[in-house]
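In the two assemblies presented below, subunit A is common to both, partnered first by subunit B and then by subunit C.
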Partner chain A sequence: MGSSPLGQLLLGGLTSGLLYALLLLGFLIVFQVSKTVNFAYGHVGMVGAFSAWLAWSSWALPLPIAIAFGVLLAVIVNSAIGIIVITKIPPDRPGLDLIVTLGIFLFLTAAMQLLIDAKAHAFPSLGGGSRVVIGGIVVNANDIAIIVLSLVVIGGVHLLFSRTTVGMALRASAESPAIAESAGVNVRMLRLGVWMVAGVIAAVVAVLVASRLSVDAFYMTPVLIKAFVAGMIGGMDRFFAPLAVAVGIGIYEALAIYFLGASAGTPAVFLLIIIALAVIPKRFTAARHEVRA
Partner chain B sequence: MSSSAQSLSSAIRISDRGLRWRHLPAIFVAVALALVPLLFFGDYWMFVAAKLLAFGIAAMGLQILYGRAGQMSLAQGSFMGVGAYTGYILSSNGVSPGLQLLAVIAIAGVVALIVGLPTLRLSPLRLAIVTLAFGELFNWLLINTSQFTGGTQGAPVKPFVVLGLDTSYPLDAYLLTLAFAVVLTLLALNLAGTQSGRRMAAIRDTEMAAISVGVFLPKTKLIAFVLSAVFGGIGGWLYSGVTGFIAPPDFDLFASVFLLAAVVIGGSRTVIGAWLGAAFIVLLPEGFNLIGQPNLYALAGGALLAITALLLTDGLYGALARLTGMARTVLSRKGSIR
Partner chain C sequence: MSAAQKLKSIRILAGVTILGLALTGCAVSGSGSGGGDAAADCVPTDIGPGVTDSTIKVGTTMPLSGSGAATGLATRDGQQAYYDMINADGGVQDRQIELIVLDDEYDPSTAQSRMRQLVEQEEIFVVSGGEGTPNFLGSVPYLERKKVPAIAPYAPSDQLGNMSNPHIFMAAVDYITEFQSVTEYILEQDSPSKVALVAVAGNVGENSEEGIKNEIGDKDIELLYIPETPGTTDFTPIVSQLTQFGAEYVYLVLTNADTGGLLKAMDRVGYQPTAVAWGGMSDSAYISEYGDVSQGMLVALETANLSAEDPASAEFMAKYEELTGAAPTKFNQQGWVQAMITTEALRNAEGLSRGCVIKSLESFNEFETGIYPPITWGPDRRDGVKSVGVAVIEGTELRVLQDVK
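On to the complex of A and B.
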């Protein structure tokens, strides 16, 4: 049976892209409901994954419990950020959210470096060992888990937003918090709930990314940047377009590595980002809700 | 051309009346502060002071872009790197410091044009992301062109020898950076009185109103971005001369975020704020070194960035101004009671 290196890379690109899309999903629901750009979002996931690693390797907790512990921490951290942002940032100071979350971004990096260390550690591979070969492409349980999980979560969130009363309340408070409030929606609690869900998503993505690479205090930054940029290109107030762009970035990155060599991935992606953001007209990216920095 | 010259001269005329005397105490304080290292500091603290001046120049550049024009850059550290590595590559080919400086200004300016030109019509958030991407790209370039840059290992920089000064001596390094700091501070202060400077402030306050009074947004934003990059380049170039060693982590995303933190913490609306912020990001790690906890710097820096941004609208400068204002009213009240 002939192996297919290009197909293998495309699978890698697809799964990376789905992870970007999943992280972007958490970023988007917070942005849409709170109009907040959370620059520390990737690091919230990092806190979860790095703590899970610590709990598993140093405290010898079983892996599922260690991961649950990490997810819980991420939810707490993201809710704390959410509470600060929701209650302390007045709407007449645009751009403040980015500055404040940049500060939190620095703080979380430093805190994890102090509490654990600054080195990279191998994370359990989460199904990377059990594999099947389909059409010359090696598919492992990790890949399948990512594909299934991202489809389920993205579909679930879409249904939640479009088909349920909670989703209607969410959309209402995104559209006009004052009117939603007067219609009996507890906007603050709803927003906090969205921040909590986003915390879960961040931690799950970070654990999955860690299981494919390694875990340290910095590794989520490039993932966040790619997710963030996909949001900017696809439009922060849309749903499927930005997520599709995120998957596209993952596949493009894999192709760049395949055709140009392993070190070409980073520059190819960032060049594309600069060109795309500069060239694509504003109306396609629906920038009307972008915050002023 | 003539109309801008006219408005410039009228601005100078306005500032002639009375304003000059009002600035006298500030000038006095600045001179006194500049003298402190010369009178009291040994080699190490002189070196720290020189480093502070180099960071201050870069922070002033970011203050022009962020505080004056309201545009956000996450690449000021990278522009410091552009300056530092331009100087390094030229000096290892035997180019003199004077020509290095010209090249640093030219290259920082051209790079800013290339990054800024297509992003002019973007919202500030998009500019922030593009500068972030540029910073990542620049860092990748530094690491992957090690035959020119020394790669991740870093590179030793030849000291600048100009006008009898040799930057391998902390005193000389301090004097050289001080000369640049004085000239560039005057330039930055002067910007407030120029037409470009006022246009930048107009864009920051409301873009719509700025357009309606005939401000061409892209040009003004571009001027602000190029100016900030040139300040960053010069600051980075001086930093390389002062420290004698540069490496990619000196100019990565964290460096850029710390410069932004400096401007926000110091007070983004004034040039003095940039200096307060630079003092903060250079002296705070020294302080933590002194108490034997160097790792706490990033932790405290991040927390303080978030807290200052939330609580002090105009940063340290605003807080100081409010304090002196309160002191003044208290004093004058006492006077009237008597």
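On to the complex of A and C.
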């Protein structure tokens, strides 16, 4: 056992915050490419993780295969949302995507309760039992996996968007799909690819969250809400700012619970929205405008 | 519309949606309408709501979704199995019993709303059992106003089982008694200097704390109480407080999922005190899911242990499996006994009015269920049972250390 409770607390907050950031990342790439708010995103991950649990516990599949199965399902569900549902929404109806995906959120909740059940189930700890003490802080394999995976994925996505031709094509198709199409960019395939990658991210986050808590048809809702809050504060058309806010929310929430009690956690996060939007200069939260020659 | 305007619209809509979702998750206590029409006295010729020539409608709310769903679903199934058995044998007072259970999501305001629906729209005759304390407590003021008897809900609380709420007939001990009994057992076996309690904030946690304190008395034992909110996503802050305090025993009065989540978080940092849990953790459904992080956990025993070695338990287990095709869990057992008690009250009532059912319940004297200790109620008594046992989780089994007296 470690000897630094504050350090332990900060590590716990960091890992929670990185999970929020990773979920937000998947949310952001879809929003920034297709201007869609997918409120069912957390439940896409839930479908993946809950299915993985079913495959592992009831069908006795080896855990890696069960998780791969869950990820595949999440990719299919998220792609279906993007290609079948979202594309049908008229572009002159802003906010309709939020309502539609809220409906999908409710549908997925009900569907998974019906197909599996409404109970909470234990998910394997994924390295939670392997630990080492560093500077008085107990660090276990689960924490390390979250930290490393988050940094790799966030870094990788940033590089993809900023340094590759694919990334350039994605940004072009986000700015103006028509012009991008005329320049030879296959906008539809690119968007499908983004929805698929986002599905993978959602499933991975959901599996990691389940490994630390439990899995059921509802457990990703608070995670998505906090990720969404981070996006609103940091700006959904930015990259590092909202992700940093997400990590900050994880640490801030942990401190709030530690000093004020468990019931203070969620209200503290919502208080943060109010304070942040009142205090942060608008130029940091407003949509950016690029000057074109 | 420009991208900036669209973004602004989306932000506003998103903000409203988040606020709405957050508010639906918050417990908001409401007040029901005033008035009531249940008879205070027993008039045998009166017929109460929910009673027809062929059926008697009973109902309750339970958590059928969310973090408390495991126990609610199992309790509902246990009740339904018992009523199916009774109905197959001809029912009660020549009537079939119809059970309606609505989902209260383990939330007090939702429970009150659903109970109002049961009483006013579904017109149930009596409340048959129930599961969960904060949610059920949300309905109590309404039930008292409407004078609807509630029979043996599993809602341990010091607010119930007394004449402050005379329409609620309790067959489960409150958490004060439960944890006083368990602490008595612990202090007979060991001499800890520090113990901690992590419990659902509110009445549940406060009662549990009081029970532990009652037994500690003036002994030199420090107690740390950490209130918890169901559905917590990060248990690290709680674990940090526990490790900093250094408790040798940690009492847990949480939902199944949250108990498992906290024990996992404790395991991740290598913190391994002796865990002590409320009676719900003696359920095989909990042990099968979270048994690997719960080894050696002491649990309060509120019902007879589901063991083939006990004749009454063996009979119940065989009957339940015959009816449902599945072995019963502790909460199936809870539901079964709730239905048994309700059926007995209806069977012995001089008439099918609420006043007559209340009179029937008040006549219970050492009523044997084979599951709970003998139940006794009276004109001035609403706490039917006053004892609890202790068991320990070993492997996938529960070993009884101190039987339910």
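To be clear about the criterion, the second predicted complex is superposed on the first by the 273 of 293 C-alpha atoms of A that agree within 3 Å, B and C clash if a C-alpha of one lies under 4 Å from a C-alpha of the other, contacts with A are read in each partner's own complex, and residues count from 1 in each chain.
Rule of thumb we're sticking to: contacts are C-beta pairs under 8 Å (C-beta built on N, C-alpha and C of every residue); 3 or more make two chains touch, one makes a residue touch a chain.
None of the values given here were measured: they were computed from a predicted structure.
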| item | value |
| --- | --- |
| Between subunit B and subunit C, more extensive residue contact with subunit A | C |
| Partner chain in contact with A:35 - subunit B first, subunit C second, else both or neither | second |
| Partner chain in contact with A:222 - subunit B first, subunit C second, else both or neither | both |
| Subunit B versus subunit C as contact partner of A:5, first or second or both or neither | second |
| A:254 touches, of subunit B and subunit C: first, second, both or neither? | second |
| Subunit B versus subunit C as contact partner of A:266, first or second or both or neither | both |
| First, second, both or neither for A:102, with subunit B first and subunit C second | both |
| Contacts on subunit A seen with subunit B and repeated with subunit C across the two complexes | 37, 95, 98, 102, 113, 221-222, 225, 228-229, 232, 263, 266, 270, 273, 287 |
| Touching residues (chain side subunit C, partner subunit A) in the complex | 1, 3-4, 6-7, 9-11, 13-15, 17-19, 21-22, 25, 64-67, 69-70, 73, 201, 226-229, 231-241, 243-244, 255-257, 260-261, 264-265, 267-271, 285, 289-290, 292-293 |
| Subunit B partner contacts - residues on subunit A that touch it in the complex | 37, 84, 88-89, 93, 95-96, 98-111, 113-114, 221-222, 225, 228-229, 232, 263, 266-267, 270-271, 273-275, 277-279, 282, 287, 290-293 |
| Residue numbers on subunit A that touch subunit C, as the complex places them | 1-2, 5-6, 8-9, 11-13, 15-16, 35, 37, 39, 92, 94-95, 98, 102, 113, 117-122, 125, 128-129, 131, 138, 140, 142-143, 209, 212-214, 216-219, 221-223, 225-226, 228-229, 232, 236-237, 250, 253-255, 257-258, 261-263, 265-266, 270, 273, 286-287, 289 |
| Contacting residues of subunit B [partner subunit A, same complex] | 70-72, 115, 118-119, 121-130, 132-134, 136-137, 140-141, 144, 253-254, 257-258, 260-261, 264, 295-299, 301-307, 309-310, 313 |
